[in-house]
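Note that chain A is present in both complexes that follow, paired respectively with chain B and with chain C.
Let's look at the complex of A and B:
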């Protein structure tokens, strides 16, 4: 019996590490939480109860969807603007040089400081959140795009010219696929930042979303609820990241390890 | 009539590629890259360009391919001025330069896709089948029969170079421009590819222009070896290689082979302009 258990563990212990780690973490958390009042550090049981409540009444789902929607919309908007622009700038270094100070300047302003202004301009609704989210997602996608398109091997460009390739063919058959790995790196950064942007936007003024939930819970010293929102945000970020990583895997079969 | 297969005695027919007083200067007022190049290349021949590094051998290939335009003089291919993407051209670079995101088959297919679109044809089903057949033929010519589904990073240097050859040969290639294609390979693989190239040539009747710094390789493969000098890049002389095709490995031991190699070597040494090595 014991031998069989050992054989099983030896074979599958890698898959057991993650749940085991989680178990240890939750155990330690419960232990440490015992020394503090619940409004400073609530234990996992309290947080779990609050989580169940919010899941049962549908509130968590609503906030989750709001923030998820803002992040995705911001990410898509930022990406759709950044990618074509990055190709254009990679082909026209002169224009890039003219624009660089502004790009760096806008990027240098902390988004937390910029968000209130955008809320004043675009209102309390979704659009200001999408804008903040899109703005922070925009820059890593842009800079990675420029880097990716610039990295095209000049010898391959010459080979395409020798074959008589047209501009469009050079783009689709050479420049785009060779830029993809770096672009995907930018997308991964962008999606994570888009979630941050959406939350920052909600902090600056809003009536729903996980960022709003954190803010509201803080106001009523409902620390377990803050934890619930944080867990939901982590899951959202991880989910998006996995989505992009999967997209990358699907898009570039030649980079898969055997 | 183009001489198919034998690669010799081609001089009787009309030149396929013609360079007349070709000069190329990247910046005016400086020493030109290439100066006063006159060269005729005949259908079905294998011609090698040898010379010191920096003498403009590779630049000459780029002029013939049409991606560079001479400052002076004229380059004609099939009687027309050389322009990028001229039909019937295949190019093999030194580092194979395969697209890492394409399988071997897709890499070989690339020139057909580019030419197909350039000719303004919609890729119908018949075209697709035609393409498949042409790719398969090129893969077979380069001994790549069962490697079609692999990605370039799974291949050895020799195999990659075979793919580059197949890519250059696919379709109706009549002229192969090879830019030091075997330089990065080990001796054994190189010799193997020499024999395979000769076989490909005899089966397709392609005209081959080979840039190399390997004198032995030039003599073993070619019907003519053109020796170039530097500063400015120019043609010093040419050596006719009177060895029969098909070329066999045992010919290397032939005293005539050795004589031709040293003849090319002496011509190169003359290009150095002083007395060492003579």
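Let's look at the complex of A and C:
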């Protein structure tokens, strides 16, 4: 019996580690929370109760969907702009050198400072949040894209040219596949940043979304509700990450063995 | 390997010294150093405390005050927990905090008149609360502004579904000028003056003309009131003295403020002087004229709390004597 249990544990311990880690985390949290008043650090049980309450009235779902939508739309927008541009820049180093200072400059402006302006220019609806989210997601996708497309083995390029491959064939059969691993890294980074962008946009002015919820909960001193919003944000980020990881898996069958 | 250990050692040492310094710093002789969380950027609106600092009213009371602008409303839990000594906060914030069992106490009022104001461009034709029906109103969708608009709409008999409340954060002025909203909720001593100085003709509906709600004032934690009443007394006295002095010497007060609000550009000076004088107009109401400056009417607290409960902004009420402690101002 003990032997079988041991064998089971040895086989599946990786899958047990994750929930175990969570359990330890929640335990430690409860312990530490005991030393503070609830309005500074509410314990997990209190946050759990608030989560149930807030889920029951359907509000959490609404905020979750809003932020999720803004992030996805921002991510798609940022990606659709960044990927073609990254290919172009990787093939035209001169243009890249000319543009890089500006791209880096835009990226260096803290989005928190820029968001209120974007909200004023583009209105208080969804579009300004999507824009902020897209801006944040754009840069990692672009830089990874450039790096990825540059990593094409020049010998293989030469080989394909010698064999008379067309531009389209070179792109789809060589350049894109060899760039994909790095591009996917950029996409994973981009999607998690897109969530942050959406929240920053919501901070600057909105009546819906998890960022708004954090702000509103803060305004009404509802610390457990802030935690609820943070947990929802973390789940959103994780969910998107898994989505991209799955996409990566599907896209690159040749890497599945690794 | 050795270098690596040395590097970590030096880092630990630096952090340790830094930490020890911050902990040890306040424990010196002389006036007691206390921190006030201002919950806003440096502003002429804090004139009483600037005057008290500049003219030595704090020193007379044996305290030395550090104005801390880093915190927003997050200061309230810290004040309740004794991590920060005092804060400037709204009466409605105190009520909300109390409803979440955050033990803060209001000690003296700065804005005896409830400062929120609904502002529209003159050409919009919005002159009285009834005109707001069917309009878009921009405001930060929580806190004092939200309470004010709910109270005004309710008093005018307009359902909330008959207007569109849009969360514009603190970008009310651009939202109004660009026509994204028809009216905004701001503060009587701020947005109207700013708009007028930019040449806009406006109408404003002042909330204080409709309700006796409680505005911003000096707060501290229950712990502090219990453990260190002398310090609370000193702070309240210096505050009230600062208010009195400022009211009697507005010109000098403005000059003092300039030292404490260093980021003002030259062309803002005229506007800021107006902000100061219209702020001062809000420092007094009938109650404080009768009982002395800084006093706050317990009935206004009851009314504020009743309305906030009715509008669903809080889910439980707190006895007024826990919210408001006027012992130190008498």
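Assume the second predicted complex is superposed on the first by the 243 of 258 C-alpha atoms of A that agree within 3 Å, B and C clash if a C-alpha of one lies under 4 Å from a C-alpha of the other, contacts with A are read in each partner's own complex, and residues count from 1 in each chain.
Everything that follows uses one rule, which is that a contact is a pair of C-beta atoms (placed from the backbone, for glycine too) under 8 Å apart; a residue touches a chain by one contact, two chains touch by 3 or more.
The structure displayed is predicted, hence computed values, not measured ones.
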Chain C versus chain B on the shared chain A, clash or fit after superposition: fit
Arrangement angle, chain B at one end, chain C at the other, chain A at the vertex (C-alpha, nearest 10°): 150
Contacts of A:59 with chain B and chain C, given as first, second, both or neither: neither
Which of chain B and chain C A:39 touches, first, second, both or neither: second
First (chain B), second (chain C), both or neither touched by A:153: first
First, second, both or neither for A:161, with chain B first and chain C second: first
Which superposed partner A:177 touches (first chain B, second chain C, both, neither): first
Touched partner set for A:221, first chain B, second chain C, both or neither: second
Touching partner for A:123 - first (chain B), second (chain C), both, neither: second
Shortest span in Å between Cα atoms of chain B and of chain C, once chain A is used as the common reference: 38
Touching residues (chain side chain A, partner chain B) in the complex: 153, 155-156, 158-166, 169, 173-174, 177-178, 180, 252, 254
Complex contact set, residues of chain C against chain A: 73-74, 76-77, 80-81, 93, 96-97, 100-102, 138, 140-143, 165-169, 171, 174-175, 178, 180, 313-314
Interfacial residue positions of chain A with respect to chain C in the complex: 36-40, 116, 119-120, 123-124, 203-207, 212, 215-216, 218-223
Chain B to chain A touching residues, read off their complex: 62, 65-67, 84-86, 89, 91, 93, 95, 97, 99-102, 110-111, 113-115, 117-118, 151, 153
